[in-house]
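Attaching a single structure in structure tokens format; questions to follow.
Order of writing sets the chain letters: A, B and C. Residues in each chain are counted from 1.
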Amino acid sequence: MSLDLVANTVIGGALTGLVYGLMALGLSVIFGVVRVVNFAHGEMMTIAMYATVALFSALDLDPFVAVVPIAAAFFAAGYLLQAGLINPFITRPEHSQFMLLVALAIIIVNALLMAFGPDARTAQLDYLLDPIELGPLLIDRGKLAAAAVACVASAALFAFFRYTLTGTAIRACADNYLGAAVVGIRIRHLYALTFGLGAACVGVAGCMMVLLVDVTPALGPAYTLLAFVIVIVGGLGSLTGALLGGVLIGVSEALAGVLFVPSAKSMFSFALLVLVLLFRPQGLLGRRT
Amino acid sequence: MALLEVRAIAKSFRGLKAVGGVSFAVAPGRIAALIGPNGAGKTTCFNMIAGALAPDAGEVRFAGARIDRLRPDQICAAGIGRTFQLVKPFAALSVLDNVIVGALNRTRRSAEARARALEVLEQLGLAGRRDQPAATLTLADRKRLEVARALATGPKLLLLDEVMAGLRPTEVDQLVAVFRRINGETGLTILLIEHVMRAVMALAREIHVLHHGELIASGAPEEIVRHPAVLACYLGAGPP
Amino acid sequence: MNRRAVQWLGALAALLIALPALAGSYLLSLATLILFFAYTGQAWNVMMGFAGQLSLGHALYVGVGAYAAAALFVHFGIGPWAGLWLALALCALLGAAIGFLAFRFGISGVYFALLTIAFAEFTRIGFEHFDWVGASGGLFLKVAQREHTDLVNLRGSPAMFYYVMLALTAAAFGFCAWLARSRAGYYWLAIRENEEAAQALGIHTFRYKMLAVLVSSAMTAPAGVFFAFYYNNLFPEQIFNISRSIEIILGPIIGGLGTLFGPILGAAVLTVLADGLTELVAAVGWEVPGVKQVFYGVVLLGVVMFLPQGIWPALARRLGIGASGGR
């Protein structure tokens, strides 16, 4: 097992992990703030991936360009979904909300299956084919570019929450729902806005993910699970935690894939989930409630 | 011998002292009250007696045996029943079913539990509402349900946490009459936390006063209402 | 139960017993499928409807039960009735493990659901590499002739399988009805409604939650054994798949959580409608994979949004059986 191989695997895993992290960031925002258990998170990601592939094959649209309209569309869709469909469920028993999103997830995955079939789809960008050589290291251009976009999107989200008035209001809602309502914050609008932002993250992540893997409808449930694992490992309520968790999972999955049987690599993520749930349920960077 | 003995129990929450070295005892068959301003530590004491919290120091003895390290369900099995300040009915279940759950503490058989539950509902005046879902009850009835449920477990000691709060004077009197009757007929020992002085004076033979987590006075009601420390911190000196 | 309920139940029982004589082979296989989902739904319902713990990984128990019995049969020639014991033991053990981890460490709600998913997925991937039972290539039972009925080895006609499943479902129904009236049944409801209050009434909540999980997981094992001997082939990707877990819960959710008839009604409605849809779609020439699942999703969505208590409570009122026919 050469050091080069390990190094390349780690780097590749970390870059992929940043894209995972962006996806998980969306869930952290949705689950952490709006308290919606988004069991359709991975499915939303898959829609974004298919949209990117479709735009690419039909209109020759470069994913790096398509990411903007896709993000906007996802923001709008997320806003409407929360305001229209999910909002009434906040007062209902928890399992009702799960079932709502499970139902959506089922519909999405199978609608995609009906529309696109079970075969893998992909978007090949010629200018990303050659890896970058850095001494003994080989860095995949596609991964690097995708990770870069993921970082930019994450930074934008961080800045929004830190420096804008709306962002602060959203953080207030997350901290103390009743208190926020009492001071006049329009909770419904903010919840919808937050969901929209989370969805936009997913949109960008999905768009970039196309550069890293082939798309099949079965990715939906797999990514939903992955997103939850990352958010729990990284810590609910911590945005940095989501990114960190993403990188951690990306690297460990990549290493597990090389050290053990590749098809068994997600077993590692599940084992990690169980361990975190047992011994450190607040995750790496989450706050202990 | 006292039925309930609390010896120097203390509890702090992250450095904030809620209860510091409180001791008192309740004789069997007595009705005693724990009073004091808000934040004095009364419910924390209850929670330590009922096993919901473990004391940082001190002991709690019931019928001579130590109970302060037991789980809440073990304490109920030992013979202590409790109500909660914010009532916790089993909302989706009927009134009768709520009380049956309590009655099942004494018997495994559902038929027996049902019979016992009906008896208790009669005592509390809830028999007419027995098939109603608990969620549809008024506050007064929910409080009565809470008491009925705890009574159905067949306790020797009943802990009542502000059970009169939010009730109208007539409702208070009704509930006081129920407790008086049960205590008279069965000798059930009762320890109650109360702010409603009407109920305290009508029921309690003995009053313990807490303030800032410390016991500042203990004694018969006539003494307590004239006690200077109690007047200063809680009851007020009266019109000038 | 009131008189009308007994009458309806009697009519249903008569119909179910006479079905193989009345129905063709296709309808019979459909009925068997309905009973399968009614049974597994009933088993899942014990954990969720009674004790309020949401399991989204119940396919784990079907799969383990199936593989246990099948492996014993294929490798050692041990019949399903003996294999059933291993299946029960393994499923109970798994349930106990999940329950212990969850309840000892205070995991509940969505985290508990995720825990169950993780276990199922972990097992799925594990079995895909488990060579002794065929790994991802699958495990196959020899399909014996269907003419004569061999109950000992569960080989026989579709009618035999139907009756086996009917017996299982009836037993499950009776068992759950008994459970609901027992002390455990009351205690589970109490725990589901308010765990703190339940403790104050003398209920050892950890023990009873464990009991619910154990009963639920062990109860699912026979369904797995049936599955193995009915379909004669097992693939980890299919049997442990999260879609199977979701199929299991659709019946109870649509029919009515925590009720006795809910899982059965939900399974029936869903299977019949789904099958009708498949026929319709085939007739229109629109045969695309995924149509049936989209339909499941839409029905689930509709029920969750408009009939959150499920179909059974409303139907029971209509039929005059009483609003809590079986609670």
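Observations, loosely collected:
Note that contacts are C-beta pairs under 8 Å (C-beta built on N, C-alpha and C of every residue); 3 or more make two chains touch, one makes a residue touch a chain.
None of these values were measured; they are calculated from a predicted model.
When the partners of chain B are compared with those of chain C, no chain appears in both lists. Comparing each chain's Cα centroid with the centroid of every protein Cα atom identifies chain C as the most central. Distance from chain C peaks, on a Cα-centroid basis, for B.
Rounded to whole angstrom, the centroid-to-centroid distance between chain B and chain C, based on C-alpha atoms, equals 44 Å. For this pair, chain A with chain C, the centres built from the Cα atoms lie 32 Å apart.
As a whole-number value, the distance joining the C-alpha centres of chain A and chain B reads 51 Å. Only residues 37, 92, 94-96, 98-100, 102-107, 109-114, 117-118, 217, 221, 225, 228-229, 232, 261, 263-264, 266-267, 270-271, 273-274, 277-279, 281 of chain A touch chain C when the two sit together in their complex. Taken in their complex, chain C has these residues touching chain A: 48, 54, 56, 101, 105-107, 109-111, 113-115, 117-119, 121-122, 125-126, 128-129, 242, 246, 253, 257, 288-291, 293-294, 296-298, 300-301, 304-305, 308. Considering their complex, residues 50, 52, 71-74, 76-77, 81-82, 84, 88-93, 97, 100-102, 104-105, 108-110, 113, 149-150, 153 of chain B touch chain C.
Within the complex, the chain C residues that touch chain B are 181-183, 186-187, 189-190, 193-194, 196-205.
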